[in-house]
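In the two assemblies presented below, subunit A is common to both, partnered first by subunit B and then by subunit C.
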Partner chain A sequence: MNYHILKKDELDGFIKKLSNSMKVVAPVAKDAGNFAFQEVSGASEIALKYIPTILPPKKYFMPPREKMLDFDISGPQPVDKAVLDAPELAVFGVHTCDLAGIQCLNMVFSERPRDYNYLRRKEKIFLIGMECGDYCDDHASCALVNSHMPSGGYDLFFTDLGDRFIVHVNTHKAEEIVEEMGLAKAASADMTALEKIREHKRGAFRNEIGVDPRKLPEMFDKGAKSKVWEDVGHRCVACGNCTNVCPTCYCFDMADTINLDMKTGHRDRTWDSCQFETFAAVAGGENFREERADRQRHRYSRKFKFPLDRFYRFFCTGCGRCTRTCMADISLKDTLKTLAKETV
Partner chain B sequence: MNNAPITATKPKVAFFDFACCEGCQLQVANLGEPLLDILGAIDVVEFREVMSEKWDKDYDVAIIEGSITDHHAEERIKKIRARSKVLIAYGACAATGGVNGMKNSFQLDEIRQYVYGKDFKFFDSAKTRPIHQVVKVDYFVNGCPIYPPELVEVLKCALRGLPYTVPDNPVCSECKLNENVCMYDKGVACLGPWTKAGCNSWCVNNGNICYGCRGEVKNPAKNAANDVIGKYNLSSDLIQNKFEMYNKCKEGDTNGKK
Partner chain C sequence: MIEEIKNSNWKLRKGRIIAAKQMTDAEKWFDIKLDDGELDHEPGQFVQVELYGIGEAPISVCSSPTKRGSFELTVRAAGRLTKAMHALDAGDYVGIRGPFGKPFPVRVMVGNDLLFVAGGLGIAPLRSLIHYVMDNRKDFGKVDILLGCRTPHDMLFGSEISTWQKRLDVNFLCTVDRGAPDWHGNVGLITTLIPGVTIQPERTFAVVVGPPIMYKFVIAELLKKNVPERQIVVSLERHMKCGMGKCGHCQIDHPKNYYCCKDGPTFTYDEVKDAKKL
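This part shows the complex of A and B:
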């Protein structure tokens, strides 16, 4: 077992050393109890205790707006050149729900045809996880999907032991950095303290819906025509907040922009949302999901049903962001509970 | 609209203003570096705010600011339309009616008297209309003022004969990507959830609320509006008043269609 110790008063030095070789981002407190991943230069700027950030760290893996290529149409044949802006980056303080989200995205973008922009950017990102000892708030449902415990997908993983962090070293790159920083090996007392925290979590985190997760896909089969979708659709603003903040939503749109010289230009991809009215509209005026109710059911199905057939895992990480951000108070936990009542 | 790209020589472009504050023209004049690129692509033949020359031939592109609020303006815009291959309505006043639409909340003579006094009969006035309620409009650039990067995009579409669609998602969709703290979380009512995006949540990025200047989305969430009003303990009159500041002229659109 490769565990090391970082004293809390040494965190500032750790961040500063790290930022010598790469940009470091971490959760930072914003107004009204919100947090966001932002560039930091020292430990004092970092919010060690935070509820999930407005946008998940997926914004570093697939930026909301990303240039894919430059083109030139002035010659007899159009010419294009792929571009990729992927700086070395350390993301510090990623909760297990968001690590699970990145694991989901890794699977999606590794499928053929592979997404090289995503994969090459991912190679440049050094992920440092941070354990939650307790629930962040009532909107989280991480125990339902079993993402409250660490399960890989990081380089380093921090657990708060009071005056110090115990740090799990998970990759070769992480080992080099830990060695360079000279972090001491964890002692058996540290391991006991870690086990105590895990023991507490096994009691504190309980399936939030009270339904066996294996039953979830079946619930969606049976509940395709449930009234719950009508109700959710009735309330939905169709603002796309829920998908924008989701750590596993990856739908995007692609568009070309020409420069004012009318010869050169670039192709960008931007995040899209299945909640927008235009998302499933096609030529001829047909719209496959014209109603908000259909679009909401689709969103939930993309978390609890479809990905199970394809990737053998839930694409909900229980972070609770969609509920927190919803203007109309649509709650993921409540929706699932109502659906369970009708179908289980 | 003629869809063939305008290429032969540099296209002749003219700017005109009707009832407005000319703030959108100011945005164009203040574009900075992109303005030089624009001037490399077009030939500006009329633009009252920055030049005194006039043009007596046809316009490839006419860019119209302001709303139509009297009969003289109606005749003038019809003449401009007849001389223009492509017509762009830019700024809230021209594209959706904007703040001028507030006039439509009153009886016409009542508001004329309020503004012009006892001799109001000598002053011509009509219900406020955005340009498309009077003549055909090929492109819309919503907003008060226009969001300059959007005008540049629309201009490029016009020069290439491509369509441009004003985004129909709520402003929230862009605001969230900018990771702004929601105005409602700060206890302030904001029109973002019902207003067309495309401005990159310009106002909220700068600490202000969304005033709805780009117009209501086509299919606004009426029920959700009630929920939000309830959730945040707002008065529905407050939201209604905020809406009417920019959206009053919508009533002149038949079923929201142009």
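This part shows the complex of A and C:
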């Protein structure tokens, strides 16, 4: 097993060395108890303990607005070019829920026809995970979907052992970096300490809904007409916050912008939300998901039912962001619990 | 560092409009030639049409792949993009992505009787299949075409339709919802034509394309005639924004995870009968 040790007082040097060769982003404390991934230059700026950031790290893989095409229509025939401006990037401190989210997006965008913008960005991102020793808050439901434990999807993975981090080295690129920085190999005492943390987690993290996760897709089949959707639909204000902050929501819109010369322009991909009223509308006037209740059921189905068929996994990582951000206090845990009461 | 994504699936093929014709007040027809060769589509597929600076919209191809050199679109001015497209004429360029989507099941239809039911603009996607069948006429059994539109004035492909009416290898019937002084044909909804058609249900494929409201009533008539559910084929309308099964807009409200752009737009009725809306 490839485990190394980084002393906590060496973290600053580690970040500084990393930032010599790439941009480093990490969770940083913001107002009102919020956190956000942003560029850092040293360890003092980083929040080592944090509740899930306002936006998940998907913003680096699939930016909220991303240019897919440049075009020029000044000649007799239009010309276009797909360009990408993606920096070499290290994302430090990614929780296991967000690593799971990135793994979901990786599957979506590598499925053919592939999205080469996404895949190229992914190639240039060095992912450094950070273990949660305990729940971040009551909104998380990571144990339900088993994303509270690390299961790959990172280059390096940090676990806090008090005065030091034990660092799992998962890729060749990571191995080179660890070697270059001269990180010591973990001793057997370190491994024991890590195992103790995992042991504690197995007790502390418990299925938050109390329903066998294998039953979840079935709950959605049986509960398609459940009153819970009506209730959630009544409260929902269709703002789209829940999908924006979701680490696995990837629905998008495309928009053209023409420059003032009226000859050149670009075509952008922007985040979209299935919660918006016109999301499933067509130009002829028909709207295929007109009701908020239908749109909410659709959102939940895209987390707990549909992706099981297509990707063999939940597209909920239990991060709790949708609940934390909801202006109408719609709670994912409560919705699932109510649905379970009716259907299990 | 800025780099070029050479194999981007967002790159556009360049389509030159070689002919265009206003068909009705609302619909315009375009014949488009791609600079890089054939579209290479199958009946029932669609393309994404890009008007640089305005955006993209999914449009059904209304010509058959048996027609070489160019392909045709019939566009109703319904939204922002399609309204702008009506201002285009021969010589203008559009960007094209595609073809996309699952075509009509032309290979399994071989040897069977065909009943085409088109409502309004539904004739556009269906025309790609009708022409394909006409051009491979000996491969199929009896062919019935039922067409419905709002008024005689709204009828698309009028001159073509009059040749279908004359052909002996095709049984063609049409009806309008509201007549006009010079109209001598049927008046009534398209469903009124179905009981009069003689079919052998077990060897008939019924292909139905029209506005969402039409499906429920037409399919009920077809089921009454014992056409098997998996031999009723529909083409559904959704706003596909990517065509690659990703953007989410065209996902159908159905227990199965159907994306209209990849799993459709053509479906058999047994596949989509549990959808909230067709």
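The definition used in the following text is that the second predicted complex is superposed on the first by the 344 of 344 C-alpha atoms of A that agree within 3 Å, B and C clash if a C-alpha of one lies under 4 Å from a C-alpha of the other, contacts with A are read in each partner's own complex, and residues count from 1 in each chain.
The rule is simple: a residue touches a chain if its C-beta (ideal position, glycine included) is under 8 Å from a C-beta of that chain, and two chains touch if they have at least 3 such contacts.
This structure is a prediction, so every number in the text was calculated from the model and none was measured.
Novice: Answer with first, second, both or neither: which of subunit B and subunit C does A:Met68 touch in the superposed model?
Specialist: second
Novice: Which of the two, subunit B or subunit C, is in touch with more residues of subunit A?
Specialist: Of subunit B and subunit C, C contacts more residues of subunit A.
Novice: Which partner chains sit in contact with A:Glu45 here, subunit B, subunit C, both or neither? Use first/second/both/neither.
Specialist: After superposing on A, A:Glu45 lies clear of both subunit B and subunit C.
Novice: When the two structures are overlaid on chain A, which partner does A:Asp160 contact: first (subunit B), second (subunit C), both, or neither?
Specialist: Touch partners of A:Asp160: none, neither subunit B nor subunit C.
Novice: Per the contact definition in the header, classify A:Arg235: touching subunit B only (first), subunit C only (second), both, or neither.
Specialist: In the superposition, A:Arg235 touches subunit B alone.
Novice: With the two complexes superposed on chain A, say which partner A:Ile258 touches: subunit B (first), subunit C (second), both, or neither.
Specialist: both
Novice: One more residue to check, A:Asp334. First (subunit B), second (subunit C), both or neither?
Specialist: In the superposition, A:Asp334 contacts neither subunit B nor subunit C.
Novice: Quick check on the superposed pair: does A:Asp268 touch subunit B, subunit C, both, or neither? Answer first, second, both or neither.
Specialist: neither
Novice: Both subunit B and subunit C contact which residues of subunit A?
Specialist: 257-258, 262
Novice: Could you please specify the touching residues of subunit C with respect to subunit A in the complex?
Specialist: Touch list, subunit C to subunit A: 1-12, 14, 16, 35, 50, 52-57, 76, 78-82, 93, 95, 211-212, 237-239, 241-242, 244-253, 255-257, 276-277.
Novice: For the complex, which residues does subunit A have touching subunit C?
Specialist: Where subunit A meets subunit C, its residues are 68-69, 71, 73, 77-78, 80-87, 108-109, 111, 113-117, 120, 221, 224, 250-258, 262, 265, 267, 272, 274, 279-286, 288-289, 294, 298, 302, 305-307, 309-310.
Novice: Along subunit A, where are the residues that touch subunit B in the complex?
Specialist: 30-34, 36, 53-55, 64-65, 234-241, 244-245, 257-262, 271, 273, 276-278, 292, 325, 327-329
Novice: Which stretch or stretches of subunit B touch subunit A in the complex?
Specialist: 34, 37-38, 40-41, 152-153, 156, 159-160, 168-170, 172-173, 176-177, 179-182, 184-187, 192-194, 218-219, 221, 223-224, 227-228, 231
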